[in-house]
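Chain naming follows the written order as A, B, C and D, and within any one chain the residues start at number 1.
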């Protein structure tokens, strides 16, 4: 392997072992050529602009180093793991890379998994609600075994098909922790006085708080916490400027034997998000998509030449850029009855002039579609996207008359059966101009159906609380988060399985809480969806999973639980003129893909002639 | 008329020989009677009339406020009429002459092309497409005063043409029309807010300054407390509790009241401080000894001595009230569409795109400036009119 | 005498004011001179332009006023020989030259000292400022010079006075502070605009004496503007008589007093009240306004007739018992100890019967205004009681509130000593006089306006003044506005605090006659505070003499003037200046200095440290004097 | 005076107590709390909150206890100088505010200085030269500053500062200095940036100040004591400074109570728009995310400053005007 210039001095002075000692015996070798990429040279800093300290997790997302990862074709491949074995989704055996080390040079072994499982997941102080749900199959904990320092095994009695995807998720379930580092915060291992002093210095209440704070892996706030990611944070918070440095012990190399990542440093600058487009346009970021919107494209494009960058348009991965979500659990009984009538939902969907919206707001570049999977997904069918998305106000009006909204007032607006005007307050989270504009246009369309709508944006949190309590009749939000799934992904978003599903949040809560809160599903189709979800969880073959997915998608399309407006909208991505290996066009989504993560930013590099 | 006595000489005894009439007080003609017995208000009005800038300012304000009842008629379009083919169209210039020939007021039509490389709508003036502006014409239908259906406008675009004298916004709505509609909210919000804050500020500050003692003590503590709660958290908290079902109009009143309620403390303290010293004046004592009640002493004797400050602070508070809602919108508590106000329009103009690409969307700042300048000049005039020394 | 050059020559001076409607010529071609080291008195009717002339000399005309013609030549004696006199009328406003003259070469005492001092600076600070500006003094010397000056103008405790603020001083003390400010720079020309109106006669004599001695020591010239012809006779070398902005007569004091020629001057001299007037004798005013009086009075005749029939004539309308008031003293520094309290009024008791006029005289600063304010409940008494009885039963004034309090306000009114500050600066005269009527809802607006107009002419003011603001009036005019306001409500008792001090004798006569007529016709009662003993003698039935916050003597007017018992009263009477060249005031012999200091009194009036040792002793005929209880009555009369 | 001071300090105690209660209520007025907010934020992006961790944190910070109890815990902490713990940063509030305070004070002081240095001379000038061209011109200029919304002004400034001077957009220094220790370069960079917020925050204040100074001064210039001072032969400027200006300052002094807190809070909204590294954005963020101890303690700090400021202003008023001091006004 070739030594990285960044470390040359430290290696020379003996502060760091040489490259061959740092890499695992079997590093993960990426063959750039076969991936259609160019092998590069190390160096440079990736400047990115972020909003607040929470965005530190973007580096974890962009890095996308997981035990197993999805490749660009959404196939699961080992990454940190050297390999894994999966028997009927019940028994999982993981093989670590021999000689793999944490960023502080300490070996990464089975002990790190044991520490997590025994000392964190099963510790009632650190995990008051028990281990993460991904580690439970049918509510049961697995059997955890250490076969040897490089091999571990999880065993369940029933299938747990969600286990591996959850490890590869953008926000992964961490089932290992740097034990050697964290033991100093755990009274089981640490000296009492030593720990007491640490607790006092950190101004925390007890060891669990200290442990909790020091062990955040997803949001790398603690510069001392050893990591396996390509870059490690070097700036203690609070700060407005975080610098990440390359991990000398990172496990990936290119075909030439150069240790990845190519880019030495990440400089993350925090600030007001509204200013980010302007700052990007003045050349203050090297690769940026977050906090840039479609409307900024023109502005960014105009400064392309002057500041030597390119603006690419990637495709957003939502099931819908915006979808109306009639609340089937609305507290108002009259409204609930109407909202649950499929004809009403279909009528609203037919009443939206999607073409107009697409033309006015998205330059016709979006797809007029229901809230469903994208064509990029193997599960896509045209019929899902097209269901009730043609503009047919006459049919819409006919349907509305049928559902009992046939009476109108003097101004021609429809009345509810109890005589109230059928005004709909559509609530949204935060103040997003695009949302406002969409609703403005939808409002004009609905006015033709004799229904007036009002937009009420509120703080995201308050907004959700209102939905959860059933006060909201209809909301608008993004559609499916993961709109390019394969059958291996859990189809939970299609069934009432979570409180955060705004069309049926109380049913979702019922499911989530195991029946202790919320309301039981009392409509046949949603119940069927739930059954299908249950089937998927116990499924054992991909074929079976695919049929379940198909059925759930078609029920959702037919029942129009959420009224998608457009999807496939564009996400501008600004790339520095000298940065190589960044795809021209790709899918930009959190799940799957970790935004840039799936395209492996550790393979991006700066092509600077002079150097 | 007497001569200067000789310098350093002995003074000669001088006696005037002019006729001397002790009853020289003349009778007044009715005209003089009118002038000399005019009320104080009339005097002020006469004085005000002489302040030319103030008169102009008040005329401008009168016109601006005069548009409020007739927005629908004055605006070429309805405030929410969208023209999807003319999104973000730059302003169309009004012309009178075409090829050196007089044609009357008209605009040239615009051709537009979607520029897919930078995703921009490019407009070019089409000199062949001459669109004569119609006056007192039929255009967008509206409900006049919410009652009478009508469709007459002062001016409308030519049939099939467009008339975006100040350009159009991102949904293709006419900026000029929206400005006309926006005046309704923006011009009133300031007045209502300021009335509330002045009422509170003057009364509480006045009583505290005049009475002193425990009232002063309590009111000062109240002011301290109101003052020490920064506006923003309160706004956020109110945003959280303000019922969502409130119509935009109610929200508007709510905001106005809040703006007013938050603003009085500074004034109250200034009034109090001034009155603390003014109340020691003899004329205050005189009024009290005449049996004048507190309101009278406060409003007839004490506050006039403070009128300059009051007028000044009123005229500088109005802009902050008009613009206050933009600050609120920033926190998600502002007015929302479909309500149109200058603040809402400016709020929509608050991004770099607009500054760099669509600067005409910032035009609503012009009426704001106009209103503020006129209010201030009006204030100057009022101040002078009330100033006895002038 | 004929060798002295003129320090000031005013030649054909014309001054006009720009008013709402057209210009107002206030001074119309006035010429006069002030010879070096001499005193020239400017006398004339109130509103005749005296103050305006003096303002023009200082270059201090108000914004609305301007010099429309003539010259003001100032010939500075200190100037090197051959220098031309400067024409002040041509100097730029607030320019370097005029600033040099102001204060340094020409000093000015303003007519209204009460409102001419900054409210937020100590008087010491304000006086010393002038000193530093114009006299080269060593560091640290300023304060002692200032205090010495304060002492010279009659401050008893100059050290304390240095640190006092204007509002802590009585009217007379403020006037003295102004005097000190003008005199401290030793100007070549002193313009004294009514310098002694607020001073009692003993202090007045002291101050006049001070001016005379500065005059002889420094060769200072004085332009003296005053209404008090007694002062004129004692001070002036030359006299200029002015009427409506024109000079009527001018000449040496001798010419003026012994050979008056112009009808106006003759009328002035005739209007003087003098001590040997017969009871019921009327003053002869220049204009007789008894005709204007009728409408003012009719309004209440009716009710009055009923009231007087029910009320017993013997019950006093106002009884004051053991009134006491102290003002908090001042601290030295922020945290320093509080100094002694100032006792302004101590153990004062007296009664006023219905229809009577009680004169209150006394040293400046002796607590007269305080007593007035206490009665009005404008300030809180420390102890004592005030009982008001207008026939409907006695009421304790100090405990009044609610509707009774409101009714009380209509029955009793006060004329303030300082006319400037007692008029709201932002109200027109019309509104000011009408205000009490509005407050008590008397009559329709047009009736109110009509009544205001009547009141205006009753006090001798032109109706055309109605919509002007107070600041645009002359001192005497303002004072009359205050009187008109007090009369508006037809009160039963009026507390007159120096109501005529700023009026020339003829207008004074007119106003005094008015008050007297009202008293006779309506049974109006007065508490009349004045320094002018002749005026008090004319209007009051009984007179109380106040010294150091206590009433030292009280007696019917005839008795008091014929046989004053108390040393202080005697000193007062001796200090009255007469408008008679044959009876000049003996500035040197009269024990002027410290006339109010008990140490200078006869031993029977000294309390020897124990205020309680003095008691009022009745000498018969209602003549009461404050003396030691142990003293024999005979000794007092002697 | 000493007694007065002691009394005023005593009165401050209940006031502060009351204020703390209100602040606590206001913060808790929102139906949600930090944790549900945090969960909401994550789920908005499709992320899942680790419920176990949320539960853990809730218990850790006493969210299982009733609000009243939490209030007393908080106030008790404040009394011991413990400002609580920021949920968001997982750090003591003191550490979170840290360096931002200095930058805030820098910006605020510069702004105040800027405002005063411009507004006072102009206000005095336009009062003494009423209706001159300069009066009209300067007044109009000041009013323009008042009329253009802060945000818009900020955007325009940033845009043109970037286009014309190549200044980085927003912030108080170039990014490379953010974590760096003090150096010449850093100072220069801060100076290059600080004028934008100062100008923006300052303009509106300046316009308002000019108008009020002018109005109050005009009122005083006509008083008789000014004539007295002129009669002494004082230079007009000396007169102006010593007499009318001092009395005209009344309004200004009565408002200095609000200066202290504004120095520390630093024009929150503008700071956000300009992306300044000051305390303002921190506070707003804390409020929006319901980071209640951070927000609460910060607000309490501001409130204390206000109350102290009012006290100072009362004392200053009494010093300025003996009538208030001696007649017992500010009791």
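Please note the rule applied: a contact is a pair of C-beta atoms (placed from the backbone, for glycine too) under 8 Å apart; a residue touches a chain by one contact, two chains touch by 3 or more.
Since the structure is predicted, the reported quantities are computational estimates derived from the model, not experimental observations.
Chain pairs A-B and B-C differ in how many C-beta pairs are in contact, and the one with more is B-C. Of all chains shown, D has the CA centroid lying nearest to the centroid of every protein CA atom. Inter-chain spacing, taken between the CA centroids of chain B and chain C, is 50 Å.
Note on chain placement: the centre of chain B and the centre of chain D lie 27 Å apart, centres being C-alpha means.
The centroid of the Cα atoms in chain C and the matching centroid in chain D are 53 Å apart.
For chain C, residues that reach two or more other chains under the stated contact definition are 119, 167, 471.
Looking at chain A, residues 274-275, 278, 459, 462 sit in touch with two or more other chains.
Chain contacts: chain D has residues 30-32, 159, 222, 272, 288, 321, 323, 327 touching two or more partner chains. Residues of chain B touching chain D in their complex: 53, 209, 212-213, 216-217, 220-221, 223-225, 227-230, 232-234, 236-238, 240-241, 266, 269-270, 272-274, 276-277, 279-280, 305-306, 308-309, 311-313, 315-316, 319-320, 323, 326-327, 330-331, 343, 346-347, 349-352, 355-356, 362, 365, 368-369, 371-373, 376, 383, 387, 389.
Against chain A, the residues of chain B that register as touching in their complex are 80, 82, 84, 87, 114, 116-120, 170-172, 236, 239-240, 244-245, 247-248, 329, 332, 336-338, 348, 350-353, 356-357.
By the touch rule above, chain D contacts chain B in their complex via residues 11, 14-15, 18-19, 22-23, 26-27, 29-32, 136, 139-140, 143-144, 146-152, 155-156, 159, 204, 207-208, 211-212, 214-216, 218-219, 222, 250-251, 253-255, 257-258, 261, 265, 268-269, 272, 283-284, 287-288, 295, 299, 302-307, 310, 313-314, 317, 321, 323-324, 327-331. Touching chain A in their complex are the following residues of chain D: 30-32, 36-37, 40-41, 43-48, 50-53, 55-57, 59-60, 85, 88-92, 95-96, 98, 158-159, 162, 168-171, 175, 178-179, 272-275, 277, 281, 285, 288, 290. Residues 1-5, 7-16, 18, 20, 22-25, 28, 32, 35-40, 43, 46-47, 277, 280-283, 285-293, 296, 300-301, 304-305, 307, 386, 388-390 of chain B touch chain C in their complex.
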